[in-house]
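In what follows, chain A forms one complex with chain B and a second complex with chain C.
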Partner chain A sequence: MAKYPTEPLKLWNKAKEIRETFYRNYAEAHDKGGIRWAGGAWTFDAVPAGLGEDVYSLTSEPYGASLAFNRKLSLECLEATENAGWSRDLCSYMRNYWGSIIINKYAFGGPFPKPDFIWQDHICCSHAKWYQVVSELEGGIPMWCVDVAAGGCEPFMGLSPARIDYVAGQLLDGIDWLEKTTSRRFNDELYIEACWNDFRSTHKWAEICLLNQAVPAPLDEKSMYSLYVLATLQKSWKVIADFYEELYKEVEDRVKRGIAAVGNEKYRVISDTQPPWGFLKVFRYLEKFGCVSIGSLYTFGLEGMWNYTEEGQMIPRAMPDHKPKDREEATRMLVDWHLHKPEYQHFYSPKFKSDFMTAIANDWKLDGIMLHYNRGCEGLSLGIAENRLALQKAGYPVMTFEGNMGDEREFDEARTMQRIDAFMETLGAEQLEE
Partner chain B sequence: MIEMFQEWYENRHEYAREWKKKNPDGKVLGYFCTYVPEEILYGANVLPVRILGSHEPQNVTEPHIFGMFCPFCRDCLAQGLEGRYDYLDGIMIAQSCLHIRQAFTSWHLHIPVPFSYYLPMPHHVQSPRAYTFLTEELKVFKKAVEDWTGRRITDADLDRGIEIMNRSRRLMKQAFETRKADNPPMTGLEAMYMSVSNQWIDKEEHSNILEIVLEKDLPGRDVGKSDVPRLILLGSEDDDTAFVKMAEDCGSVFVIDDHCTGTRYFWNEVQPREDRLAAIAARYVDRPACPTKDWPRRSRLDHVLELAQDWNVAGAVVIQQKFCDPHELDIPPQRKNLGENDIPSLFLELDVTVPIGQFRIRVEAFLEMLSQEDLF
Partner chain C sequence: MLTAGIDIGAKTIEIVILDDGKIAFQNLTVAGYDVRESLKKAWEDIEAQSGIKLDGIKKIVATGAGRKDTIYASDTITEVSAAAKGALALNRDIRTVVDVGAEEGRAIKVDSAGKVMDFAINEKCAAGAGAFTEAMARALEVPLEELGPLSLQSTQAVPMNAQCAVFAESELVTLVHNKTPKPDMARAIHDAIADRIVSMVRRVGLEEKVMLIGGVARNIGFVTSLKRDLETEVIVPEDCEYVGAYGAALAAAGK
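This part shows the complex of A and B:
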């Protein structure tokens, strides 16, 4: 018998509907006279929102993950990319994405919808190059890319004004470029509203993650993937910002009533980077041991904005104290907001990432940590070996498993399950009766 | 005198230790990427030495760097973990690829030195914003070096640093120009010793020897390479002398390259202006790009093609460090562009050590293909 009561999330279907609408809107944009653009999940999507309310995007990483989840289609995409001469060890999201263009199949049905322009940013070795190739594959789509690698700062202290200026300047130049490229006038009111929605989405998502400190955890990692993903689609979209506020209330209510994501919760772990999307059953397998993964560095840090208290505890970064008044202020606020986010700062030192994970381990009451040595993403695997050493030094049992978020050929399912067995044994967990 | 470069290449650590003895007030700084502004370091009486690998199998980096990152970055870190750079007073990196960044961050964590610096060299070098940004970062860096060395870096110091670097670049370019001749006066291997040793020998000393080599050694020199296929070598970091020697022994000559251990390091000079730091920044923003920074336009395609045509090559050897994402993202269009311009290419993937036997067969086949018009 389960230790805690459980129940499905009431907003589960709504999250699914929003995601479906997002991908459908992009595919059908031209039918309604709208514009399509493509760029990364990390990009400043609030900016193109200033072009009008009929402007729709396709963000690359979640799209790559959607392809990876469909293992048959993914293999077709990966092989098409390899046949075109690209190396097998490149980012697997990128290889899936390129393949989808090459074979001209959209993951959600029909041919791949060609974007009208590219709006990307760059911090890992692949971000800008990804879209250089997309542009070439599609016959030369106009491309704007912003360098956000303006340097690190001890999380989450201030970045120098010159560093903010560098990124903000590129965005402001980009707005001029957008006007020329689309022949549309940029609407500052829409832009400012989109920036505000961006702040709301990423602030509120961190607050939702904070609720998972509760025992039992109201959410598990596998479910969180379906919720955090909305911010990777379009964090500046009002529908998504509103959704997170609604979700917060539901999760808060679950905490009050002691509703668990996993009824037999006894052990708590987290993972770090993207999971092997074709094998999310890994998380269900943990449940057989009474173990729940309460999130990950990735779900917490990619779309959540955080700060540390003086005692080193993690808290959601406070919302800006006012709405921006004009384009320049909105741009600087947006840059300041995003350049401080954990997943950007983790690019500069493994220590930042180790500290972040240790803080989660302490405050979310973890028993252990699973690190995915992810061959599919060099950016988020950066420093992972050092993270392992640091977390062990901090006293946490660490399990590593090697795989690939988007290339099923590099994931050994049986071996991973065996490692989980051994890890559970380390934690003192035994398989529960069915 | 030309053999001096090989001697320096082989005895890099002994050289640096001797330099410290001769310059008790000077400091030695190890750097991980050639975007590091050495002008400022020379201006502060700091000897910059590039941290490179030793091309030997090692077993010390596995706990620190995940095996999917390039062998070069792991080889570099191994040098530190094995204590071969124990004379360093500081380390630094200028922002480039994620792979080498890990060698720097692990070095920073496990091999403490008094000075450690991360310079956020902009990636978007095609944006006019990069000039101002880098100038501002150089101000911060200059201050950090002043605090570390305990001495102020004046305009006169910067002028001296700029002149030391520019002189070296002029002479290196002059030496590489001689390889345009139908009968190049040096082999690719000698050129590699010359350019790689330039990354850790005191530039003034290197330039003094290079001047003599240019005046006395090279004119009229015959290395027996007048009638063999002329090649360009390009791709990831490469100081693999064993490979270059093998390929040239098969009957070829490398006459030019596009590597950060070669031409990319010295190709352009600082153009003097009143604001010295702005002048230095412009030099690094404008230099031939590393693939990490070559976007949205692919400027490297034209640059490499121009080198290949100006040095009249018959073919290209494109090498890539295993798992080197930036070059993996450039190599297919690079080879396509060369092919469309009638320059065939051979692609090889390098690891810390090179399978010489297997590569020899591939190089021989490639050279045979290049010579087929002569045969038939």
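This part shows the complex of A and C:
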């Protein structure tokens, strides 16, 4: 008999519908007289929202993950990219995405919809080249790319006004470029509203993740993937900001009533980096041991906005105390907000990420950590071996497993399960009766 | 009370039977293609040689790559736990266990209570397991059991640069054409495996004393290279390939 009561999330289907709507909107944008753009999930989507209410996007990483989840289609895409001459050791999201264009198949049905413009930011070397290639594959698409290497945030480094100006200046120039490229007048009111929704979405997601400090955890990481992803699609969309507020209430209620994501929760772990999307069953396998992955820095901090305190705690970043009054203020607030993203910090030093992860281990009451040595993403894997050492030094058992978020050929399911078996034994966990 | 441990590896199956916690009998069989048939035959051999009947054994625990695929065991433990248990039962001072089999190499760190603190597994690269020595012995046209002693006759270290077992074979051909003496090539082969294993040991943190187990521990050439690379003494138990099965048998006995 389960130790804790469980029940499905009431908002589960709504989350799925929002995601489906997002992808359908992008494909059907022109049919509705609208325009569509493509770019990375970190790419300040609030800005193009200022071009109108009929502007739809396709963000690269969640699209790559959607492809990777469909292993058969993913393999077609990956092989098409390799046959075209690109190396297999490149970012696997990017290879899936390019392949989708090359074979002209949209993951959600029909041919691949060509964007009208590209709005991108240079968060890593792959992202810098990603859309240059997309533009070439599609016969030339106007592209704007923002360099965001402005340094880490407090308390690790300092975001001076000059650093914020560096990124904000590019966005403001980008707005002029958007007007010229789309022949649309930029609407500051829509932009300010989009920024505010961005703050709402990412603040609220962090608050939802904070609720997972409860024992039993109301959410498990595999389910959280279907929820955090909405912010990666379009965090500036009011629909998503509203959804997270609704979700917060439901999860808060689950905590009050002691509803568990995993009824036999006995051991709590976190993972790290993107999971192997084609093998999410790994998380269900943990449940056989009464073990639940309650999240990760990736799940919490890819979209959630957090502060790291000098006391070594991770807390949701407070909403700005006022709405921006004009375009310039909105842009500076947007940049300041986003450069505080936890997943930016390790690009400057692995110690910053180790600090975040140790804070999670302490406050979310973990028994161990499972690190995905993700060959598909050099960016988020940067420094992961250092993180392992730091977490072990902090006294936490750590296991590693090799894989690839978007290339199923680089994930050995049987061997990974064996490693998990060994790790569970070191935690003292036994397989529970079916 | 009789308990038993079965270690179903890639190449061999080891069975250790304990009588009130003491080793009563050991058996090693080639795993072959049909592991079930091999196990059935192993039990028949055990009964013929020792008189111990399968239904007289109170509990059987399986370990190894094929542990979930046996009808004989009522429980399983991983190779990591089995190796740690077996090694510590043989010598309570062991803190680092190195287990090198046909297809996997493992480095395991244990504390004084026998708890596994950390482990590293080489599972994707044949160059860190017994399969590498088999392939290289074939390439050198030397019987596998002679490769180790041959390497001890080496008079100089020859680096093997290839990171991959397949490319190492090509590199060996180059060394042959360069008229490199066979003992030196044999030593290079063992140094290459030792390098990979030592990297894993240092990853979990080397702490004395160190025990080497698994089938490859019978290879004196590898043992010599490992000691040289670790710069410390390495204990190799007499029945090194049975330690995993012994650990599983101890688990069956509740130890």
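The working rule: the second predicted complex is superposed on the first by the 426 of 434 C-alpha atoms of A that agree within 3 Å, B and C clash if a C-alpha of one lies under 4 Å from a C-alpha of the other, contacts with A are read in each partner's own complex, and residues count from 1 in each chain.
Assume a contact is a pair of C-beta atoms (placed from the backbone, for glycine too) under 8 Å apart; a residue touches a chain by one contact, two chains touch by 3 or more.
Quantities reported herein were computed from a predicted structural model and do not represent experimental measurements.
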Looking at chain A, does chain C or chain B touch more of its residues? B
By the touch definition at the top of the document, which applies to A:Asp412: first (chain B), second (chain C), both, or neither? second
I'd like to know which partner A:Glu425 touches here: chain B for first, chain C for second, both or neither. second
For A:Gln392, decide between first (touching chain B), second (touching chain C), both and neither. second
In the superposed arrangement, which partner chain does A:Leu90 touch: chain B (first), chain C (second), both, or neither? first
Partner chain(s) touched by A:Glu378 [first = chain B, second = chain C, both, neither]: first
Looking at A:Gly152 after the superposition, I want to know if it touches chain B, chain C, both of them or none. Which is it: first, second, both, neither? first
Both chain B and chain C contact which residues of chain A? none
Spell out the residues on chain C that touch chain A in their complex, using ranges where they run on. 65, 77-81, 115-119, 121, 123-124
Listed in rising order, chain B residues that touch chain A in their complex are 62-66, 68-69, 95, 97-99, 101-102, 105-106, 108-109, 118, 120, 122-124, 127, 129-130, 132-133, 136-137, 140, 291-292, 295-296, 298, 323, 325-326, 328-330, 332-333
Spell out the residues on chain A that touch chain B in their complex, using ranges where they run on. 84-87, 89-91, 122, 124-126, 128-129, 131-133, 135-136, 143-147, 149-152, 160, 162-163, 165-166, 169-170, 173, 347-351, 373, 375, 378-379, 381-386, 388-389
Residue positions on chain A within touch of chain C in the complex are 392, 397-398, 402, 412, 415, 418-419, 421-422, 425-426
